[in-house]
Amino acid sequence: MDKRLPGLAEAVSGIKDGATVMIGGFGGSGNPIELVHALIDAGPKDLTVINNNAGNGKIGIAAMIEAGMVRKMVCSFPKSSDAQAFNTRYLAGEIELELVPQGTLAERIRAAGAGIPAFYTPAGYGTELAAGKPVAEFEGKHYVQERWLKADFALVKAELADTHGNLTYRMAGRNFSPLMAMAATTTIVQATRVLEPGGIDPEQVHTPGIFVNHVIEVTDPQQEEALIRAGAHYERA
Amino acid sequence: MSELKLTNAQIAWRAAQDIEDGAYVNLGIGFPEMVAQYTVEGRTPVFHTENGILNFGPAPAPGEEDWDLINAGKKAVTLKPGASFFHQADSFGIVRGGHLDVAILGALQVAQNGDLANWRVGNKGVPAVGGAMDLVHGAKRVAVLTDHVAKNGAPKLVEECSFPLTGVACVTRVYTSLAVIDIEGGKFVLREKLAEMSMDELQSLTGAPLHVEGDVGELSVPEL
Amino acid sequence: MSELKLTNAQIAWRAAQDIEDGAYVNLGIGFPEMVAQYTVEGRTPVFHTENGILNFGPAPAPGEEDWDLINAGKKAVTLKPGASFFHQADSFGIVRGGHLDVAILGALQVAQNGDLANWRVGNKGVPAVGGAMDLVHGAKRVAVLTDHVAKNGAPKLVEECSFPLTGVACVTRVYTSLAVIDIEGGKFVLREKLAEMSMDELQSLTGAPLHVEGDVGELSVPEL
Amino acid sequence: MDKRLPGLAEAVSGIKDGATVMIGGFGGSGNPIELVHALIDAGPKDLTVINNNAGNGKIGIAAMIEAGMVRKMVCSFPKSSDAQAFNTRYLAGEIELELVPQGTLAERIRAAGAGIPAFYTPAGYGTELAAGKPVAEFEGKHYVQERWLKADFALVKAELADTHGNLTYRMAGRNFSPLMAMAATTTIVQATRVLEPGGIDPEQVHTPGIFVNHVIEVTDPQQEEALIRAGAHYERA
């Protein structure tokens, strides 16, 4: 079993118009920038994108939005230091937004990966974000019923991978990535180093390979925050 | 063969032929564990055990056991390169979440709609379920290994299970000592049978109608 | 003091006095983050950030940032010995599951029953909620830091919130620029006020009745 | 912050009659035998015990049952190679059993730790173990509603701990322990080695210290399976 693919273009070539795509990362940490830019080169349209944020600056998800690839964002916090790409289109009614409390977003993704179709959370009860959702009382407290959130694809950035797809993440770059890897039909990983099986201590695996379909080595990955601070701009080649 | 039926080893061998290279597989405790021994040459399935390991290997040599390294049957195992450990919520997330390619289980009874009874015979004694009720949900294929009939001659493939259910409409394929049968659209569909056994005889040993759709192959296995 | 009210730093200082040694604390983005600067000498609270770190420390020196090591406000942080990383489902398990001793948040409005509005003013613009709706549930104490009145002079402590709610009946204590107020049994209970301010004056700046149960202490903070 | 306690007796002294106690371990792996035996010495009665199994041989949970301390077992698989202690009392109607499918048991414990009062699972639907539980249909499939499972105490065996309570587990000894540590009001850990803060790489922590209340170093812990094979028998000192 060897889940490696030779390049980023091959990795994202299966992502077609209308797909739902989870993208790991929180703020500038853990974003699989190289995979996202390869997806911009591939250019599918009408995507639903799931990420904590809705893009920042002129790279990554913001550049996907600029390129007109995104029909809908599912996120908790579409504001960023430069959220112009999303904001402009959202206020013009050109892009849809499903706003989800961050913990609920994480739990809905985890539920999808774990085969739990619905669960109850206190978050959002009595607020406009829970409008229309079923509510229930348990032990004297009110809760909102939330549904799992699945995707066709997950794009994930790891620090180490092995050829079976076992992963470790770097510091707080972990964030949503282990959950998204579970929740997507096809999980595509860019890793700074890809090792032979046995290269990662079995006790230290953060994401078991069963959740991973494809692994691409990107040896010197870029950091979203650094790119944005440098004023980087990504456009289809 | 002293009688016209496969041995357990031969049933396990037949099931192993359907496990593809790289498949993620959970083998139920006991009889289903034999499937691992008959892995097809050149294929490397990855075995999952619900207590929290992926890619474990066979038992260690006697005296080499590490009792923190056991499978769901509490037997000592070894690790293969690329193994991983995780807690039980993640482990059953693997099961329920649809990440296994195949789960292979034993059976007391299987009904034509895919209902499975495999955890207790009646209401006597101490009940114990373990992961049986979880394992029947989620895997892309849920297969059963079983003698075609019970020791008392009663059919194990039935219209409706009389024993307490493990899961509803969950089994997709049954490997028996006489046949390979798919469950499709609430019916038993015969895929393979022993060449020496007539359709009539097979039907007489089966508690619900066997349907034929397309060819019925020969259930052919080596001496083991 | 140029006017009769605490500065943000002084409000943060007062809140910090209630954080016990070893407490697990989540500080909301912005103003609440100042609380960490005023940690009481000899106490070592552990700070949680919902993007997946326990026991992070202050910002690194400029140029020393590692952008994989950030807090929920996307600012670079450092680690203290005994830190840990985890994914966001575990991180919000920490929040929802009642494991934090205190969460300290900002507020647009707080109602006398503990309802909090702090995520958006109206229906215009791009809405963004982040972890606000999760953080108000689960912590043993949910405290708010706020000016006592809004910039336009309107009370921020009210009978009912007019802005969209973040959570229902969730706030347990409010640290304002004029007072420390607990929310108990659907009422604002005054615990401390600035010595120079009369009860009548404080009540006139508050949008719902202030109740007194036992002594009202002096809200006394250092120059900062 | 230093969560160490000097000894096992101090660690379990808060566990009183009527308490609900989760005990980590699966079969012979990951059982905090020394903590359990200290609890037998302390001798509280009327306990509800949550573990995957219901004791084996004449040590650990089986010895607790022998000592008459256990009113109710919550477990998935009360059968073991020598389950005499539980079986005898169960068949005599002297001990209560709540039988829970193993994955549901794990998820209910995790839900308690994560503040999720209820969730839906396919496991058990249409079986006697789901009798009387609410059911619901999602996307054409039937599910059972299950509730969180909390405890007053969790007894857990770790490999490494630091004084903040950060933990790592050894191999498949991990099993239910990270979940139980989240779900109990008070989590008590025996660890083979207790290190200073910083002794465990933050990326390799399996259980963050926030879930742990007390840590006791037990430098040469016994293994349940080995004790049972040696015919060991534990009785109050």
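Note that the chains take the letters A, B, C and D in the order they are written out, and that residue 1 is the start of every chain.
Here is the rule we use: contacts are C-beta pairs under 8 Å (C-beta built on N, C-alpha and C of every residue); 3 or more make two chains touch, one makes a residue touch a chain.
Source: prediction; values computed, not measured.
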Any chain that touches chain D and chain A: B, C
Distance from the mean Cα position of chain D to that of chain C, given in whole angstrom: 36
Whole-Å gap separating chain B and chain D, where each centre is the average of the chain's CA atoms: 30
Of all residues in chain C, the ones touching two or more other chains: 53, 85-86, 89, 92, 95-96, 137-138
In chain A, residues with contacts to at least two other chains: 107, 110, 114-116, 121-122, 169-171, 202-203, 206
Chain-level touch network, classified as line, ring, star, complete or other: other
Chains touching one another, given as label pairs in label order: A-B, A-C, A-D, B-D, C-D
Parts of chain A lying in touch with chain C, wherever the complex brings them together: 26-30, 52, 76-81, 83, 86-87, 90-91, 97, 99-107, 109-110, 121-129, 142, 169-179, 206, 223-226
Residue numbers on chain B that touch chain D, as the complex places them: 49-53, 66-70, 74, 85-89, 91-92, 95-96, 115, 125-134, 137-138, 164-168
Contact footprint of chain D on chain A as seen in their complex: 107, 111, 114-122, 136, 138-139, 141, 143, 147, 168-171, 202-204, 206
Of all residues in chain A, those that touch chain B in their complex: 1, 110, 112-116, 162-164, 166, 182, 196-198, 200, 202-203, 205, 208-211
Touching residues (chain side chain C, partner chain D) in the complex: 21-22, 24, 44, 46, 48, 53-55, 79-86, 89-90, 92-100, 137-138
